[in-house]
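The structures considered in this document are given below.
The same chain A turns up in both complexes below, where it pairs with chain B and then with chain C.
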Partner chain A sequence: MLKPARPLSADIAGLLTARARWSALEFAFWIIAFASIFLFPDYYLILTEIVIWALFALSIDLILGYAGIISLGQAAFFGFGAYAAGLLAKHGLVTEPTLALIVSGLGAAVLGFFTSFLVLRGSDLTRLMVTLGVALVLREIANRFPEITGGADGLQGVTISPIFGQFRFDLYGHTAYVYSLIVLFVLFVIARRIVRSPFGLSLVAIKGNPLRSAAVGIAVNWRLVAIYTIAAAYAGIAGALLTQTSAFASLEGFAFDRSADGLLVLIIGGTGYLYGGLIGALIFRFAHDYLSSITPQYWQFWIGLILVVIVLVGRDRIGTWLDPVRTLADRIAAWRYSRRTRALGATSDGGGQP
Partner chain B sequence: MLTILFDGVAYGMLLFVLACGLAVTLGLMNFVNLAHGSFAMAGGYIALVLVNRMGVPFALGLVAAFVFSAALGALFERTLYVHVYNKSHLDQVLFTIGLVFMSVAAVDYVMGSSQQFIEIPTALQGQFDVLGIGMSKYRLLIIAICGVITVALQLALMSTRFGSQLRAAVDDQRVARGLGINVGVVFAVTFAIGSGLAGLGGALGAEILGLDPIFPLKYMIYFLIVVTVGGSSSITAPFFASILLGIGDVAGKYYMPKLGAFVIYTIMIVVLIVRPQGLFAHGRAR
Partner chain C sequence: MTPVLETRALEKRFGGIVAANQVSLRLEKGARHALIGPNGAGKTTVINLLTGVLRPSSGEILLDGKNITNVEPHSRVRLGMARTFQINQLFGDLTPLETLGLAISERLGTGTHWWRTVGSRAGVVDEIGELLERFRLVDVMQERTAILPYGKQRLLEIALAFACRPRVLLLDEPAAGVPDAERQEILATIETLPADVTVLLIEHDMDIVFSFADRISVLVNGEMLVEGTVDEVSHDPRVRAVYLGEAFDG
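Right after this comes the complex of A and B.
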């Protein structure tokens, strides 16, 4: 008896859901991440910093790793979010931290939305320039209006209220770390959902070849606008987290170094699979710590050296040091998918009989 | 008013000398070299050390700055940059940012982090008053030197054998190779000259721009603006862009001190929106 072939679309949908399923490795990653709350109470401050870097790198990964936009100005949104959170708290506009976080993120998203139209024009070079330019303009604005932003001294006198009115930011950074980690986790889950969706796939297609993507009916520009806006929100939230956990915002947030370091963090971990930024942040921060313990003032030299070496050795080769792990995860996913489809096929055959 | 114009032109000329090497590597060879300012800084510091500490005449200091930066550029081009020409823009960005970071930290280590100025000879200090315009002698010198360099560059590019080889190599490397042009050497020489000019500009500009270890980061955006705003059709486009930028920056800082630095960024962003290929480029998207 001829069984009607399962429609291709169902197959693809099945494959997509299988790809989107959480693998055991990912569970392990997040269990370890949350276990760190109990395991390393002495390292809360540095761990919080790592989480913020991870979130920032995640935002760069969204545009670079998935949409292929090179940005040298992601710090624009980071700094914007940082000042937004600081000002909201200082003037008591939005006192509840999570709410303030969301508002800052939305603000950065609006900024990202409007600047995305500038970024979408022209070649890689133009994009570099415009992203860089936007960050510089914002930095200049923050610098030139000291009565609002505190200018070069930074925004002082920020007091952050307890989260949900319950959890006070303590001196040891316990609340700050747990809070940041949860924010990172939530945003990561959302990002993961986004990039595994058809929308995310269309971005990868655009990265591969914008012209062909347009030919198969993907609205290239609007997709890029969308992901740029989302990434801006992520960077803004990262900045806001920094302000909330340190009760201080400064021009540093807009600095070119931050954009460049963010790129470095991402490159260390590898682009285009979301965990790159997280792992990169961990390595970057500890490398930074180690390097500045040897040469306090000149650690930037070693950071630069790392960048140069990474490029000369070949980024694809460095980024792939995690590949065995990723292949393993893929294999597990494929195996689970094939088992499931087989089970499905068996039941539908059986169900066909009266 | 005219003094501002004069200062702006001098500043723009200086920017042009600093950036013209980048106009070739980035504009023509399509290589994103964010580390261009590092070569300028190297030249500036060499001149500074020679003139201030060893009492070498200023003019000789300028020559030394050119030679040193050119040698440095050639060395880096041959050892490091050649490996990166064919990589993606992202790699080029990362690579050159790495170089900038290294140069900033290294200069900080050797020279200290404070801003320093070159002692210019007394003969160059002071002003001429021509028709009521105060023209500083030093700026006049800058305009003269930069003017000569610009003309020389234009001539070299357009009517020498090397110039045509370079243009051929930039247009189509493979065909140029097929015609027996040693593209590697042409690029290396071009890169060296560009770096050397940046070094000369760094030394000349040390008086006006000041020298500190973060020089490459501070002026990176200016160089990039010159190249992107100018577009990459010839040497004249970045030249006019530099002059425009110089006048815009000086006038902006003078008339609207509060919004000073905005002026040039705004010029850049507006130009890039209206003409993504650059102000003076004709057509052909790259």
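Right after this comes the complex of A and C.
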């Protein structure tokens, strides 16, 4: 049978690269995000906060949504990055903020690398406890050395230099917001690239079936170490951003609440498609404001309720409440594809249809 | 000649249970070797030992004469050993397209690349296409694996092992649970393997064993009962006794 190999290969290449292409929806998302700089000048402080939460949740999505590593201690890296940026600025070690951001991220990555070995083995419960434990340990270490960290009072006297020596952090938070948003965007683009690469695919494979992953030659543990390290860098940069935009670092950075809220933000937005953390941060912040304006004392009741509903709708699998939407998208893609192949088959298959 | 795959007195104990007892196997290059035995004889345990999923309690495994007893499972794949699983072990969230693309990328050593997409290499794309066609997965290549019909999943299971381009292929009941029509497809595909690929087949269906294998090992209660040509094994009275009641005349 004469089968032209070309159309199929072209199809495959097309389908594989189609997933990497930016969709109209994504363009819209980022256009709106950057438009907010001009549209909401009164909300820079809140928006900056949202961006930092988004970046933090994104770091959790990289490990949970892609590699299936559940963590309640991502704040360990956030706090580390926050103090690193604070100390670098305070002692004038690295004064240029973007450079300090990178150094803080690298520092958090080193910490992530060494603690990653603790989460390699064991069940989800073990991982929850180990990550939680690491964050608690770091918090107490920071607390134990007030001469370095400022202890319970936080790190005082941090002055952040202008970005590239040009852009001073102003009182209205304009520079801070633009800076944070650009950092988020750049890191998002990198994360997007990572999850769509063979490496990213292998993470999804490991999450789905570590046994089979090893059976096709994937060094499972090293891949997990790699993504855990990358995610730690992301969390560290989020922490550093908080310090740089607020000129202050505190033990709060390591707090259990932060890890838990980060997870909450991600689950509200949905895991495993990168936008979850970003959308979640937005919803979380506005839900917070809205709910606390109705019931100032009991707003967490509603957050709790929403969380329970989301997880139940997701049928016990955390963060899958968006699955129906995704399945629909899959179906549409498959239907469109089958229409195309049918059209192709009519010309190339030589009357294969009954 | 050094056998491609060899085990020496391989033993695996789970507590008091001996799942594999002094198992010694020799597979020459290009062998079509079948491992048979009643349920619970330890066949899958042997495969798990060979692939490194389980560590033996004692004994040695040699690949091309090199001791690989303590080599990690993923490294054994790199050394040229691949397997299929009796119960499908697939990546539910990936499509067949991505699954095969992933396996091929891993084989080519590009699995750690994080800056480009799987489909950006022409060689990979062509190879995915060949495998999809050979295993009749073209029509479902875009579906999530988790929602594929069982027969298609089974084909993907085998295709995934082929994607590793193994020199030694371990097939754990490849046709298990597959309807007759697709069964023939799977077997036909296995027969298209290059002659220099060494195959160890675990199978219950004696028709398949007799038509495929040139040598057979019979495992009973974790011990190697008989090893020989198809003819020798099928006429061995001990084997007949073990398979009492089962049609063993092919």
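Operating definition for what follows: the second predicted complex is superposed on the first by the 289 of 354 C-alpha atoms of A that agree within 3 Å, B and C clash if a C-alpha of one lies under 4 Å from a C-alpha of the other, contacts with A are read in each partner's own complex, and residues count from 1 in each chain.
Criterion: contacts are C-beta pairs under 8 Å (C-beta built on N, C-alpha and C of every residue); 3 or more make two chains touch, one makes a residue touch a chain.
What you are looking at is a predicted structure, and each value in this text was computed from that prediction instead of being measured.
Look at A:R212: by the touch rule set out above, it reaches chain C but stays clear of chain B.
When the shared chain is aligned, no partner comes close enough to touch A:A85: not chain B, not chain C.
Once chain A of one complex is fitted onto chain A of the other, the partner contacts of A:R121 are limited to chain B, with no touch recorded for chain C. In the superposition on chain A, no contact is made by A:L101 with either chain B or chain C.
Contacts of A:I303 after superposition: chain B is touched, whereas chain C is not reached.
Once chain A of one complex is fitted onto chain A of the other, the partner contacts of A:T17 are limited to chain C, with no touch recorded for chain B. In the superposed model, A:E140 makes contact with chain B only, not with chain C. Of the two partner chains placed around the shared chain by superposition, chain C is the only one that A:S197 touches, whereas chain B remains out of contact. Listing the residues of chain A that touch chain B in their complex gives 64, 70, 72, 118, 121-126, 128-130, 132-134, 136-137, 140-141, 144, 256-257, 260, 263-264, 267, 297-301, 303-312, 315.
Of all residues in chain C, only 51, 53, 72-75, 77-78, 82-83, 85, 89-94, 97-99, 101-103, 105-107, 110-120, 122, 125-126, 128-129, 132-133, 138-139, 141-144, 160, 163-164 touch chain A in the complex they form.
Chain A meets chain C in the complex at residues 3, 5, 8-9, 12-17, 19-20, 193-194, 196-202, 204-205, 207-209, 211-220, 223, 226, 330, 333-334, 337-338, 341.
Across the interface of their complex, chain A is touched by residues 26, 30, 32, 80, 83-84, 87, 89-95, 97-106, 108-109, 217, 220-221, 224-225, 228, 258-259, 261-262, 265-266, 268-269, 272-273, 276-277, 285-286 of chain B.
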